[in-house]
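Note that subunit A is present in both complexes that follow, paired respectively with subunit B and with subunit C.
Now for the complex of A and B:
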């Protein structure tokens, strides 16, 4: 019975989230774009006419370099004769994988740290908060550049680096939320009922901060996508994986900004739309979690 | 006042602690990660004795703890050593680059704050109008858009297609100003500043504009605005009074966003070939010039910490409701 009501309320919440997103024109457009990107990431590699690093030759065995968009190559080719449209499709998968994994990782870590710091105040809190101070002090991009220049660059390393920085915001917010939650009567009641501290923390306090954590998943996706793109653009990304940042890096170094707009614009526009869409959907969700933001 | 002094002291101690922690982290990263920075210098045909002699000269044979102590001391006294590639002290290179970065950031930021504040106040005052809706949507899009792609777009349009503006650099090659001031007090510098300045503006204008819009909404409904109106003041004067009260949170926000901006600076400086500290970091990394890498990283981290420190202080100084305990 109780299980059933829970399910109903959760379903109702999802509907409410959907309606909040759709209430804004920007929200519904953003949502539609996100669906398109997910489709690209899911089926892109099967739909892509060529490989992301595959040089295409013409009848005379010459690479088709810097061809303008045509029926064969919808978005033209690069200076190495690679099909831009195919690269774009492959890149969507990388962008979403990096975005989602780094967001989930950082929120998981941040929520855990925030829960522990907020619930067990005192020395635990003090130590954890000093680590948060340090995490806030390190400039992300310069630090990531230094690490990547020493170790072999890879997608996994980039995700780890993003997680190592992104947890700080979630941890701080969750901590302050837990600080108020642990004084509530239901925590006292649970303690009086004889539950262990860890059980109280994870079974009774944690579910109350989860909606807030999910907000940071959305924010984290954006940060993850942007970090990967920025690092790849600077030439510090994974050279074996085609991403939008890497496409922009290749185009920038080849001077395509002067001559081959079809090579520069698609990855940049996709990146911008993905990031802006995530941001818009995040805002709608934020309004749902934080009633103070609701339209007056 | 007693409380304020204690608060400042505590924040300063935190700053020193965090800086020390970051330097230690950098030391650990440079020491433990695979890849020996010195291996790049020493050619494989070098005799082993020569390599050993070089390592000794660099102090790489000393115990780790001694190396660590020396490293912290050198950083704390801004003694960055000699560049591997250019035969000049690192200090001479990096401080000039840091100034160059400020020469890009500061003018754009000042304009962004002023324009953003005015824009935000106007948007907040006209709440509910169609102009406000589009304005806010546009600001939000600009805020979340990747600014390095905005930079590429502007570059393609104004530098390569229309050829109105230079595609990069801080000054023209024939501008041989000896000192930093001689270089930036020229029209030439302003001409080079337009494009990167526009990119910075497009991003930095959003923070004050959105912030002032929302605070303006609150101030607009407060009693003193009604009193001003009842006194028969013109609407324009009333807006000015309201805006001044909505301005408070802006100050801290600016310092924080300036700190964030420093991180993104690397990308802009690469795209516009601006000889700033971010571009120097990437160049040094590609050259494996570790003394410069360390110095750049240290100065960037220090700048960000100091800006956040100032933000914290201002927050307390401006808003009398904040107490120090």
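Now for the complex of A and C:
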């Protein structure tokens, strides 16, 4: 088989996705913002003028506390004399790492669970889905706060907690999709052709739910970013890693929420724009996956 | 010698409303190189037979009796043993074959998958086999690299036939292979199946509701109604029917020689399989039913050499065929029922 055909069709898919996103003004602007954030996350630590916890001293060896934005400190400094702009750059990496990893993890888990529940139905389905229902009953923040207060807070733990709460929706959606896929003629044909149940599940059913899974990755990124920020703001984040939530938490504890706008606004705005941009791009992607949303 | 011998096959579906006997004591056999057509209305159990042969009955179904292939009963084989038989020896062109291709894989890859699952071969041999298969069903081999959505309905259908032929099986079960295609394409495909069947000497089992299709293609006919065989035999079943239901079916289709005549439908609908009627299953719709027909179920008896019918009035068939050609006879029954 010529592999060219495949490559062309994949390239064509990506082009179509790109065009769908670009068709909306909101989509193209959001896409541009996402690129900026990715650039920040990628090269931020190298271009940041200072370290995320580095106190900056003046000529008299005194920390430059709560300085307003200037040519030297574009976004001013904190009460400990740390450069806000540098913190912002370092924080972008954490936001994206947490967002992407927790989204990927939760969708991987949710898709797997949904596939098994939907395909094998019967008792397997019953057990898995009742467990999912129970998981749905646990509220995220209180549960996460308790776990973090017992275990040492770390970025890894936060990602695991977010995964533990995001897989539920994906699992339900994927299961319902699998319930219709398993009755499709091509699944019967594969069975008649002598493929094992697992081979049918992973080779014929799973690829057909992938577009939906990707949609939940995009949605999961927002939830992951927000959860990390919320936990950090509440003081349950990883204290050794600079994140936007931690910046807000520092500002809050320093009592600088009203006075030092240059400290509070940048992480707040960055968080909002990141989440909104992800949503806008997701919207455009959803339109590709779900033709009913498509404009004619 | 019979390649496929179906003996007293019974399939029941457990449903919320009770047990539905979709196939009830069906027996027939398929000889090597024969082209056998099963014909009947929707819900008479035709597709259930195909599924039982392929071992793809849904979970709520229970099959009894025997489906013998080379003296092995397919119904009692475990999955591993069954996988050695199906597709390699008995392949299927599934119902709505247009949708039987997985949309995410290229057609060639899917056929290759079926081959590799049973008879692994190296890339060159595989490639040659795929080319040969597509040539056999009349599609350009360049289309092997296409995804299903890039093919027309008729091409997808032929690709499925290629897939069924992939392992050179002895028996091909085609379950309504032309559903959803227009008449011209349908005709081309059936012609192609017939050609291949004759050329390769396969035994074919064609399941259809279209008696014209059976008449044009098949040399053996099984007429089913409400899960039971009403009549079976060679092509003569359609020329000299010995069952009022067969007479009715033939009436309901345009004449095969293109002779203009009124089409006569059979009033009423098939009985519930949850609670089949006593006596002959067809008696409620049969204009020629006797009191005996409501009481005692007729046995499938030989009425001519190799020709079996299950009707108490098989002896009066000359009269029934004559009267059955008159629409009034059927409508009168419709009014009573």
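Details
Just so we're on the same page, the second predicted complex is superposed on the first by the 292 of 296 C-alpha atoms of A that agree within 3 Å, B and C clash if a C-alpha of one lies under 4 Å from a C-alpha of the other, contacts with A are read in each partner's own complex, and residues count from 1 in each chain.
In the analysis below, a contact is a pair of C-beta atoms (placed from the backbone, for glycine too) under 8 Å apart; a residue touches a chain by one contact, two chains touch by 3 or more.
For clarity, every value in this text was computed on a predicted model and none was experimentally measured.
Under the clash rule set out above, the superposition-derived model of subunit A with subunit B and subunit C shows the two partners fitting side by side.
Subunit A has more of its residues touched by B than by the other of subunit B and subunit C. In the superposition on chain A, A:207 makes contact with subunit C only, while subunit B stays out of contact range.
By the document's definition of touching, of the two partners only subunit C reaches A:191; subunit B does not.
Look at A:26: by the touch rule set out above, it reaches subunit B but stays clear of subunit C.
Within the superposed three-chain model, A:147 lies in touch with subunit B and out of touch with subunit C [touch as defined at top]. Once chain A of one complex is fitted onto chain A of the other, the partner contacts of A:137 are limited to subunit B, with no touch recorded for subunit C. Of the two partner chains, subunit B is the only one touched by A:233; subunit C is not. Aligning both complexes on chain A leaves subunit B and subunit C separated at their closest CA atoms by 11 Å. Those residues of subunit A lying in contact with subunit C across their complex are 1-2, 5-6, 9, 122, 184-186, 188-195, 203-204, 207-208.
If you check the complex, the residues on subunit C that touch subunit A are 54-56, 59, 82-84, 86-88, 91-92, 94-97, 99-106, 108-109, 113-114, 117-118, 127, 144-147, 160, 163. The touching residues of subunit A, counted against subunit B in their complex, run 26, 130, 133-134, 136-143, 145-147, 149-151, 222, 226, 229-230, 233-234, 248, 252, 257-258, 261, 264, 268-269, 271-272, 275-276, 278-280, 283. Within the complex formed with subunit A, the residues of subunit B that make contact are 14, 17-19, 21-22, 25-26, 29-30, 33-35, 137, 140-141, 143-146, 148-149, 152-153, 155-156, 160, 262-264, 266-267, 270-271, 278, 281-282, 285-286, 288, 293, 296-297, 300-301, 304-305, 308.
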